[in-house]
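My structure is below; once you've seen it, I'll send some questions.
Labels A, B, C, D, E and F are assigned to the chains in the order they are written; within every chain, residues are numbered from 1.
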């Protein structure tokens, strides 16, 4: 699942370009750069990280001018060092200058997510845990951000409210019990939908196991609680730790034996990876 | 310019909700929460920061169910402490649960930007400098992110390629000289468009002042170079420092006497502000 | 999961109305019906069936004129007899006449699907089997058609290519074996995604069970093969029969003991339910 | 009028593909099928019928991957036998597998309509009558479904509320008389718009002929009434029979001498034509 | 047909407002006008003319702020004098100032068309001729401009390429003869579509009458030719004069006895009607 | 700034084509012109003027059929005489006939604006004044119409409410004084936004100069007032005359010494330039 269909992201690229071009287009380039000037430029990493978004950046340049040629030097998921050339862009200078910022905005943002994911994946690997994303994504960019998480070695949690069930505390309050909530869900959703329950206590966890769920989200538990939860589950279902997990706290949480850590930080707070265009 | 017209952002909110609802909608809530259950919930800050995006969050809830009532307890631009209630949301529980994540994704992201901006504005205030954003924004969210910068006390740079001229190094290379580049621009753009030139050296700066620009972007200069540049300009035009400025380097750069610091960090790397929904 | 969020279907309703109104609007009504003429009309079933789409029909009328009042007399999922009044529509005559055909087109189509589903659900009930839909839906209407299947008592299969894995014969050919195909999928997809394999033979079925899938699609098997397959599986995973199943063949297939029948007929060939507007 | 401009249907194809790809795309194919695997496949009729939609199916494949080659073996409007190869599709296997279902959904649906139309056209041919469609089409697909009717030898009635006038019983009630209704319409619509009136009785028919209409819709009349109506009209205007006409009743209605039968069944209840992809 | 359904024009209004608001919205008003300032303003004609577009202007204000009240003082189609108050607009000052220009742009443009139409309708009335529009409309505004023509007393010609047939010289060249062209069309289009032929000579006109068309477009004929053509036709079909007709030439052309003049000038060259907002 | 990015205008072209094609497409051409007929045609000016919109016309033809070849004979901004061939269009006859009207509608409208602009630019040149457009543009076409103004030698005023500040009389009323209005604006808008004030009197003008604005709009002043205003300003800021300026009044206004005349007439009342397609 490392690919991303252009049919999914192209409308977003067009909107991003429209946002930058506005009504009058690139005033500066249009005034200064004659149509017949060509240029060869390089997209270069300015810091170490994991790259994500090169096909998207390529598509941005081509949408602006389909005579622009974009040659990959590395591929998404690669770890690059400062100074690494990621791609070579050649063709009409005007189009390249106009597309530059939009292309780099995608590339820097997605590579930032991939880099943060890769670092956390690395930090929890000794414990056999995996790192998953959440629905705490930037509005409008979910498919792309989850693609970036995959490039960093992470695992995707739900893409939306409709591709899996996650029963949260508010749902439990309304239903009255884990059992009743799971029962309502089972009667309602299709047979290819997995059901996960968010639990805060070991009692709730026991209830959830009884109710026959596919996964449990252990929310805001202490390290001790997590260990006890993992013991209780004994790999009968998937265990997932969640709740404000960051780079500092991830290894200790992973050491409790949970299967996954789900981490909002990856998509809502990962800093941009510094990538530039040199000509 | 602290307001933001709903006509500008509502299409974005609809896309964000569509992204989360997918084809089948909120499977969990739909299965568990009866239509007649109502709830009163509070949107609460979990850490200190500057809030931005409350009208947007309000609109998200109303788009999901127009019977949901959203009462502001603070307003955008306010500084809040952990535990501060930002708003009270009441009405049908199903709609509130369905809208929650999308609303919080906007609110956390924009408040994160406002908070980072406010911190930097504060740190440079003793030097009389202002903090400006850039076009290094998240694709699709520029109008909202620049609104968040304003809530944090920042100043907006260009909204796109078409509302001001910024002559960069690549443009200068094509034109051959600052003078020629500015001349081409003056012949081309309207009389209500300001012209700024990015300069790397004091020689280029002198050329730019000669050419009669409205502002100069002092790019990646050392502190000493910036001081010399400010001396040279003597407030005849706006001076702006740029190039990888972050929270740590901002005060020293501000101390050089530049009018503004333009900072990509605010919009591409500010972490999310932790805001939740308690019921 | 019986509800359907208006945010999901409203864009479709607007397109359907635009399709009918064209550029000049309702020439006939506009010429003949003065703005101040009101009417009370009834939406009436002309044949027996299961209703689906009333909230959608209601929304069509309101989009045309928000002064139109739509009162439900039955609700989606109800079985109605010829002559049953489904809803009462009152308000400006012009708007009601303009919206009538679009509203009825949705209502007749979705009720047709619900009715065909309900009939098949009934026919297989003695055998404890359930009836599922497929991705063989009318382009653009999948969310609505799957909603109609639910109203008829059916179960939803995948909503698209991205909410569950279904490994088909062509995938197996490329992968070389069921085991390899499942292994590739497990490395690629998230932990909340179920995996189903389409099998044509008992040997393939055994391979699939070995590989550890969540469900098996028994494709175009004879009654005898289906019985043997059900024996082999012994309820360890979900069993689903598929392949040209229609009203005539469903009961015998259900009698083999499979958990589900997945039936393209429900959404691609169910005839319209005859529903009209009487004034 | 057998062609259909791609500008008209391409937005619909993109929406249909987006509906199937969702946010994450084709999980199964993406995980299993390497980018460099090519395939040659055939689109094959599994039952006898009249084909419609091949250019649309071709466009679906190309939208998914423009390296896919689609070679027609028959053309829209052709009658095919079980086993007839309709087209050969070759190129990247991943794209072909991803596009398959969407392409076949269009092709099966439109060919089903063409097939039902052709059968009815054949059945009424001895009587010199033609078969027309109605506005009882699937929401969003009207232009395509009416194209399919043409491929089956049928005639198109109105495409919407705005390309011809059809005065129905409710309009007559408001206007007070056929004469007044026609008069209002003539004052209102352009000179290139035809006017048809729906009549239930011979008296109304006489009034309509007096009022000078272009066509009359003889609604829900008995065979005897239809014969009398045809006599009364004597080919002075177009006569059209309507009202629940199906394959069984069409020949007898055609035998009354009406010019056309307008038949909702063609577009709202024609079963899918079974067409598959073999590789 | 004097009404225009808001479903048809509202998307256009939203695009027009988005075009004016851009990314940052109304900088001036947002900076200066507090949210709680209300205003009462009048929309006033500054010159004599026929008004068209008031419901559209009203909708523009409401889209910007739904608390704005818009009270009509005249209605579309009315002739107004300089100083006539067309409507009163009251509510939040900020919204009224923001919407003003977009609302007036619609109103001035459409009223300009209605005014030019009314003048020409008046000038040809003594001859019993009517004035029709053409497809020479401003891109994107056809439905609105044709509505404005109706307000001025004009008649609508085709709304597009698909609601009537107009066989032009290039079509005749391809077909070889009028007879063949009409024959091809009759076999192709539905029974509710009128057929018009453009003729340049009396010979072609005779051919067209033979072929049995519904209307003839007498293109670029001299006054003498037009008179002869009208004689030849003798009211057996609709006669329409076309070809560069303007206010000066219309009366003489009308005097030849043609039924209609079709006039591109109305929609492509009518000057704006001066209408302003006074507060 | 003479170029216009296709990303900006292509959505508008698609909407214009959709508007003309409707649901059924080009009935006439589809019935008469076989797919294999090719044609060579010329786009010809029928009157003298300045051309604008050729790349847009070219794109319209290609969108309809990408096998159509469009060869420019002149370029936008050129002055052409009656009979001048602007471009040669060759390829499939059907596509060329279908695209013709939409292409010419853009070309005639934009060339009309360029022609009116060029005439006024010429008439004021002896006085050293320039001609600017306004926001009084046709809804939806602003970017294109302002492009046409540039082709005629004119200067662009604001593209919308968000790319410069223009303080009008209503804003001044709310603020209480020019000084207060300018002060509010300066605190609110970014450093790259110019500020202009509309003044009606010399007193207001003096206030505006005091307040430190970038430009003044001298609204509806007499020739004497304009002269006095120009004296008062003495080139310290940009002076712009506005208010119902037309071809007749422009030279005298220009003679007062103002820098610019801003003229709504150019975009809201310029007549179409007559351009046709000859084959």
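Note that in this section contacts are C-beta pairs under 8 Å (C-beta built on N, C-alpha and C of every residue); 3 or more make two chains touch, one makes a residue touch a chain.
Because the structure is a prediction, the values reported are computed rather than measured.
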Hop count on the shortest chain-contact route linking chain A and chain E comes to 1
Using mean C-alpha positions as chain centres, tell me how far chain A is from chain B in Å, no decimals.
-> 22
Distance between the centres, which are taken as Cα means, of chain D and chain A, whole angstrom = 44
From the C-alpha centre of chain D to that of chain E, how far is it in Å?
-> 32
Give the residues of chain B that touch two or more other chains, as numbers and ranges in rising order.
-> 1-2, 19, 21-27, 30-31, 98, 142-143, 156, 159-160, 162-164, 188-189, 193
Classify the chain contact graph as line, ring, star, complete or other.
-> complete
Touching chain B in the complex: which residues of chain E?
-> 14, 17-18, 21-27, 30-31, 35, 63-64, 94, 98
Quick one: which bits of chain A touch chain C in the complex? Just the residue numbers, please.
-> 1-2, 130, 132, 155-159, 162-164, 188-194, 196, 214-215, 238, 240, 259-260
Over in the complex, which chain D residues touch chain B? Could you list them?
-> 19, 22-23
Show which residues of chain D lie in contact with chain F when the two form their complex.
-> 1-5, 7-8, 142-143, 146, 156, 159-160, 163
So, in the complex, the side of chain E touching chain F is made of residues 12-13, 15-16, 19-34, 37, 39, 93, 97-98, 101-102, 104-106, 108-109, 112, 135-143, 159-168, 170-171, 173-175, 181, 184-185, 187-189, 193, 244, 264-265, 268-269, 271-272, 274, 279
